[in-house]
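The structure that follows is given in the form of structure tokens.
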Amino acid sequence: MVKFITAKEATHFFKNGQTVMIGGFLNCGNPQDVITEILKTNLKDFTLIANDTATPEDSRGKLVVAHKIKKAIVSHIGTNQETVRQYNAKEIEVDLQPQGTLAERIRAAGAGLGGILTPVGLNTLVAENKQIITVDNKQYLLETPLKADVAIIYATYADKFGNLAFHGSTKNFNVLMPMAADVVIVEAENISEQPLSPDNIVVPGIFVDYMIKKENNGTD
Amino acid sequence: MVKFITAKEATHFFKNGQTVMIGGFLNCGNPQDVITEILKTNLKDFTLIANDTATPEDSRGKLVVAHKIKKAIVSHIGTNQETVRQYNAKEIEVDLQPQGTLAERIRAAGAGLGGILTPVGLNTLVAENKQIITVDNKQYLLETPLKADVAIIYATYADKFGNLAFHGSTKNFNVLMPMAADVVIVEAENISEQPLSPDNIVVPGIFVDYMIKKENNGTD
Amino acid sequence: MELTKEQAQEIIARRVAREFKDGDVVTLGIGLPTKAISYVSDDVHIIVQSENGVLGVGAYQDDSNRDPHIINAGGFGVTINDGGCFVDSLTAFAMMRGGHIDLTVLGALQVDAEGNLANWCIPGKFTPGMGGAMDLVVGTKRLIIAMEHTAKGAPKILQKCTLPLTVAHKVNTIITEKAVFEIINNKLILREISPYSSLDEIRQTTDAEFIVDLTA
Amino acid sequence: MELTKEQAQEIIARRVAREFKDGDVVTLGIGLPTKAISYVSDDVHIIVQSENGVLGVGAYQDDSNRDPHIINAGGFGVTINDGGCFVDSLTAFAMMRGGHIDLTVLGALQVDAEGNLANWCIPGKFTPGMGGAMDLVVGTKRLIIAMEHTAKGAPKILQKCTLPLTVAHKVNTIITEKAVFEIINNKLILREISPYSSLDEIRQTTDAEFIVDLTA
């Protein structure tokens, strides 16, 4: 059952070298408060799984600037010039993934699948060192599951049972990651005592371990 | 863009021998009106993809009774004694699928995947004639996509743009099938002129071709 | 002691109920496993998942709250508890396969000393289909088989299942009206003898080798 | 005729706009492809999908409707049209990969006579990542590349791409300020010569063999 904690308390659930998923897409639907607290600690050497590394001033982007990310498994780094700089200087390892493949790999982990077959990336650098499997005379890449030790998730609405719902384009990876991480920490803008409508819940509370009332009510 | 038609007009989109997906789980979230009209026609020899064959009196179960189903790809037939009888008498072909595998195969078709790797069915009859693929030293069955010519779908709420939402346990396979069929016909209980809330839409209208105002406002 | 079917089922359901821990997310097979809910103690709150897409299954509906849009996996009208939610079939099974269910209780046609389970098909006689059973058993953190010890006098706990399997090597615990077994590393271990049975009777009605270790 | 960058981009955007059919679901790359929307005729209603999970992208936000929770794939605040909806990233990409997008318009670093596209990586120099581009191009029913004909004078339409590919054999149409090409069965076919260009100029600035067939 979900426990309500502070962002500072959330830092206790991280260890150096862990794999951390962080929801959000560029400047939208980003958790911020736990990251702010992590920046005050000596935690480091994380492998980040996220859509992108945002900007140097925003969310997971700040973890890159603070050299807390050893490796980034993301679809895009172009919006964060510090990630690009560290990548060119070989200070960070970057494993670029097609965005849809990244989403499917996270889902596969959460759904207990051994992988999925996708046509995306065939005949490109993405196919290197990957198994090609033929189904019905068509070739596909075998993409394997991606899971994390901890996930930091944004939600617009939550209830005391840990159920989540979202406004606008904040669903992005926030919907997928809670099933694919051992420990799930949610920063919610609005937390209600009353249960959310069971018809409209997007992430069931059973996937959420810890809930934080988000300090800043913008998305960043 | 979605077209509004009658259940009778919907029968024009079927041909003998087609593969038809029908949403619903036992007695819940079942489309009925199009099936009632199909029963009045000479249409036959369908391959049915559905969770189950319901009961002899309900929805897709009636198509079995009327001998319109040549083959059923379902997870369960035990609730329809007529399916069981036809199966034992070799009047119908039944391809039993683990329910979660059935859902994943339908999703794979809709999502453009070549298949998924699942541990479900290993070391059982389900594994017969299937490719076994090893990932990270664990074995998985390769399950391939399932698509349909036409899907008949139930929805509780719809808007004039074809967007769908659901009440209660009616989501079941109704949410998955619209992406996996060439022609998608929806029977909706409530159709509003006003758009549904973009935050709460479960099936986007771009997956829906034809919409029928459901005659009977129960689920069956 | 000769028990009626009803008595046997109540004994099993009461014993199963003791396996639920506060906060557990559980999935229960239709019939006997579902009956266990009635006997869960008041200080234990569990979240019941139903494969048709209900998380937080509540009591059966009555005349005060009929809603044909809410059923459990057996097709019966149920309510949903506060904090529950409805999901589609894909998500319901992702929950199971992905290891998000703490405990699954199912019936069986046969179960064997290696933890194999058969509960979906008697070739040539009765093949209702596996429904969600194969998915349920693969991902659950713990699998309990709750069933009467014998069927018309014939043992259901065997050295090796003869019917088509639902899953191999996954059963953790077997609860019958006569006994509780655990299966660890492909070994069947007798853990409890019901007050209504005896070691002798269990030996006579169990067609598998087992270790007796009542200390755990 | 020498065009400014702005003029070239407007010509391309106007030409791209004519490719949209009423009811089309389209995905547009950031920058030039997105500009085409401004020139769609009033009787053509398209549904714009954005990979970050918006279906039915509307106008950019202004002071009357700021909402930081709604952005497009470029990170800019946008509105959502009536009938639109928000989805998660998994669903957004299932739409693309699953063949549910009628038309995709993207920019390119290079495109070649076999329909290969390179637009995500210049090894050792500039690797922003593929983002959603590889998924976008695989499943779309039709793929249009909209780009300036050359980059600093150097051809971008080649016999064979030299940069790492985004996708192989998928480009259907190339629209530049000078020309419109189609690619059919690995053959590059010149379909239109812009009023601001000539066949000679196109030959000089295109580093690929092409068939001239202006009749289609």
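Letters are used for the chains, namely A, B, C and D, taken in the order the chains are written, and counting of residues starts over at 1 for each.
Just so it is clear, contacts are C-beta pairs under 8 Å (C-beta built on N, C-alpha and C of every residue); 3 or more make two chains touch, one makes a residue touch a chain.
Small disclaimer: the values here were computed from a predicted structure and weren't measured.
Common neighbours of chain A and chain D (chains touching each): B.
The distance from the centre of chain A to the centre of chain B, with each centre set as the mean of the Cα atoms, comes to 32 Å. Mean C-alpha positions place chain A and chain C at a centre distance of 35 Å.
Inter-chain spacing, taken between the CA centroids of chain B and chain C, is 29 Å. Looking at chain D, residues 80, 86-87, 93-94, 96-97, 138-139 sit in touch with two or more other chains.
For chain B, residues touching at least two other chains, in rising order: 104, 107, 111-113, 118-119, 166-168, 199. Chains that are in contact with each other form these pairs: A-B, A-C, A-D, B-C, B-D. The touching residues of chain B, when paired with chain A in their complex, are 104, 108, 111-119, 131, 133, 135-136, 138, 140, 142, 144, 165-168, 199-200.
Of all residues in chain B, those touching chain C in their complex are 25-29, 51-52, 74-79, 84, 87, 94, 96, 98-101, 103-104, 107, 118-126, 156, 166-176, 202, 218-220. Those residues of chain B that touch chain D in the shared complex are 1, 107, 109-113, 159-161, 163, 179, 195-196, 198-199, 201, 204-207.
Remark: chain C residues 23, 25, 47, 55-56, 80, 82-87, 93-100, 138-139 touch chain A in the complex. Within the complex formed with chain B, the residues of chain C that make contact are 50-54, 67-71, 73, 75, 80, 86-90, 92-94, 96-97, 121, 127-135, 138-139, 164-168.
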